């Protein structure tokens, strides 16, 4: 890893000059109508470094639906509470198969491949329902603490939209319940899951919330530990191999950072010991990851010469 | 096809002498608790021929849960009403996979392989809900007419048991709904489906109800046509290739008659132009078909030299 | 089954008037170049009945490549020699899955679903290599006896073409050999298999060769038995459920006769106790079955009211 | 990353004291007889750091069959020659399935998931055959240069054994050739592939050969660049997500280093900017990775607090 002369802000601006002329590829997710209402040309990015430097660009302070990025947060909560007991009911392997998420789940007797795909996050939700009397509130408290902002909340319209069109997730929970891998009523698990997906954050809040994962499990601004160093390391390993559906290899290959994407167009990633970064651009590529977001991060790590590899 | 000297009753007794000494193999279905309460040693068989002869043995007049055999009846109703429009939403090919594989359904975009597997029957249920204002009542009327018995009804305990443990079927309906292949609310489709599975009939009623399929679509005792001759032929073709989950080939190979099995231990089959037969024995082989029932029918067609091939 | 007034020849001509105006759909198989040289507009059909009547139309006396129809003949030979021992190494279930023949074979540990798909026919070839010192010659003798014509032979150009482009079949044999389900060298098994696929016959010869399957295993013109009645019945059952790749259900549903298709555009089928029929038209539908051939047979059984159902 | 007080040799000895009392789990690979002749209790490990420190233990200077670890070397050669052209014919995603699944390959039209599974390595072999007139010699030259030892060679007995029992690999090549993704004759591709698998190296040689991947593509002892820094980074990313068959997630999760295993019981891994390490113990876990090797590396990175995450 070579020393950097330029500030992150300077690199941001250089990269942005390159990507803003890229063809406008990809389409906004519309599998739930409420997500489809976002303007497709929004773009924001925010980086927070462990030594206090930050960089911001575009719509870095605009709220957007974090969707599957929430899986990192619920997993972190559950990992802290349940530790290795999680691995009886969910794996840590990449899923590999885009085309038949239910096929794999059926073949593997209702044990999801990892906690960062839908099926795995539903099992994690089931874990959280076992531990917290008021899981929604507990989750919001956790997010507000990480993001250092008491206003972080969910979007009720997105929540309702998820609920109305969430048949595939309902299929996943029912299938896992038929294998005995869901302990709460189907509706309760789905309710919490749709809630977590409907959380809204800004790039700034998201990057700030990911900083503890770059910092061996400790929240920099408060010094509070949310995960042991060993578990923080493992969460990063998990994001690297499983954070981008069936494009995890591509992201590792091109960007080289642990991270997680969401169909709202957000991506959050960390460079352990250095920084966390969040980017948002709603146009998705065919794999469901932000087209411009991935592009921006690839250029960022290439230009800075900084990746974990 | 050679002429028979013996009566069907004589053949029944010969075959029974052979099979009663077979090892007691297989286990009673217990995927829903209520089914597991049946005594595993029950055995009944009934044959009704088109020229009025009949044969009966053992528990031929005992009620049992017809389960998946009900799929033949709902399909017949829907085929009569919707004809070829069914094929936009369900196929006519053998499934090749265990009877409740979600993998295939996912790969094939929510279009079930055929109407005699769970997914297909759920689509057929959805069709019936579109046509009948009171589908349960319409279905009971249809069965009572076929079976020539106004007392045919469902078992509320089995129905409730299905409902409580029907997560896999709920997964199927939700998955198909995510593909747009279910038009009614998930709960309504499941409710009707569990109702049809909970119907109880005797071997005598079941054989009588299958006679129209051996008779080109006409109920012998009333002369009423329930299906055109062409559709009755097609229903038989469908039973032959798809009636026994992933043992359809075996049944065709060994027995050589169109038929349908249920996890309650029943099997109903027809020899077009000759007879319908129903057998019941609750011990199931690994494929979910009645062990003794298949055995009895294999010997019946071998001994009589009568099969469609 | 209703009595027929019209001769088969009259029905042939009626049906032909209907199908000759059908749109020219489908394409000639070209997975091996030599097959692609056939004129796409050829059409022939021949029916031989057990009571000596016959009907012929179009190119009924032209040779064409029988391809996969040969699987019925090799299976019949092997069934006669090995009987039930075959079922240790090959199943009798429909394959269901078009899209991943190797997937299924891998999942099921190298045991093919049935003898009428490629993998199964390769196992049958392996069986024949174990029994016959000169399997090619034995096979030709068998075909010439069935077809009542000493000139039946293979096409060396097609054979070479198969051999040059047979990578998928080589993959199948190698995979099965890795599971221990092939006993001879890979090259020998492939050699015999490509030989059998390269056999050429006319519709007249093919229909004549299938007559024993309609006649309980006995060659009508010589009285020689080639299969027991029980095995002939089982072969028919197998053709019905497995004879048309993943269109077996459709064929059973629409035509209602046991049969087998080949990518050369031929289809042979039998109505047990009545007749055998062979049709040839090289344009294939997407499933690899003769478009016009299936159409002709569907109308034939509908018009005559004769099917096994 | 915290500073280390202890030498690597001291850590090695501490870890060894822990693992030597572990239950003797796993079994020696015997899918080819020649591999099964190795004594199951061999154990060696060697670490070479970029600043010249090294550590060695047990059988660190014994030759063993590197098997699939060779895939890293052939990929490095091909990546240097062909760069991004490789990605037309092979992916960079984890396979999610056992290491030799034909199903996935068939579904994805003959394009292997990544270069570190068998199918992908066979495509890479095909690439090398296109570029080098004498690919075996070129490969040996490359290895001898990396390992700094002119004696590195292959084991002819292992090579012959691979060749005799390599039916599954033959199935893979034939399947890919049927999709047009193999340009050379099947036998030539297999020949080279079996050759690379039969290479023998010591832990010392293996660790030394992996040092350039920790050193941004430059051989430390000679200063020669074998890959650009960007490609070295990408190779590491690939090893992390794809280096351990369907246990890549586990290895990333527990060890946190890019690496590659072989069924000979070897594992080689790198910590970019720090060191390369190779461990050898022939007992394999169910996933085909060295049981003790994985265990040793997990404790090594935990004890040193050094992983890429």
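So that you can tell them apart, the chains are marked A, B, C and D in the order they are listed, and the count of residues begins at 1 in each.
Convention: a contact is a pair of C-beta atoms (placed from the backbone, for glycine too) under 8 Å apart; a residue touches a chain by one contact, two chains touch by 3 or more.
Only a predicted model underlies this, so the values are computations on that prediction, with no experimental measurement involved.
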Where chain B and chain C overlap in contact partners, by chain label: none
Each chain counted as touching chain C and chain D at once: none
Separation of mean Cα positions, chain D and chain B [Å, integer]: 55
Euclidean distance of C-alpha centroids - chain A vs chain B, Å: 48
Inter-centroid spacing, chain D versus chain A (mean Cα positions, whole Å): 31
Sites on chain B at which at least two other chains make contact: 107
Complex contact set, residues of chain D against chain A: 1, 91-97, 104, 107, 113-114, 229-230, 232-234, 236-238, 240-242, 246-250, 252-254, 256, 258, 272-273, 302, 305, 307-309
Footprint of chain C on chain D - complex, ascending: 101-103, 105-107, 167-168, 170-172, 174-175, 177-178, 186
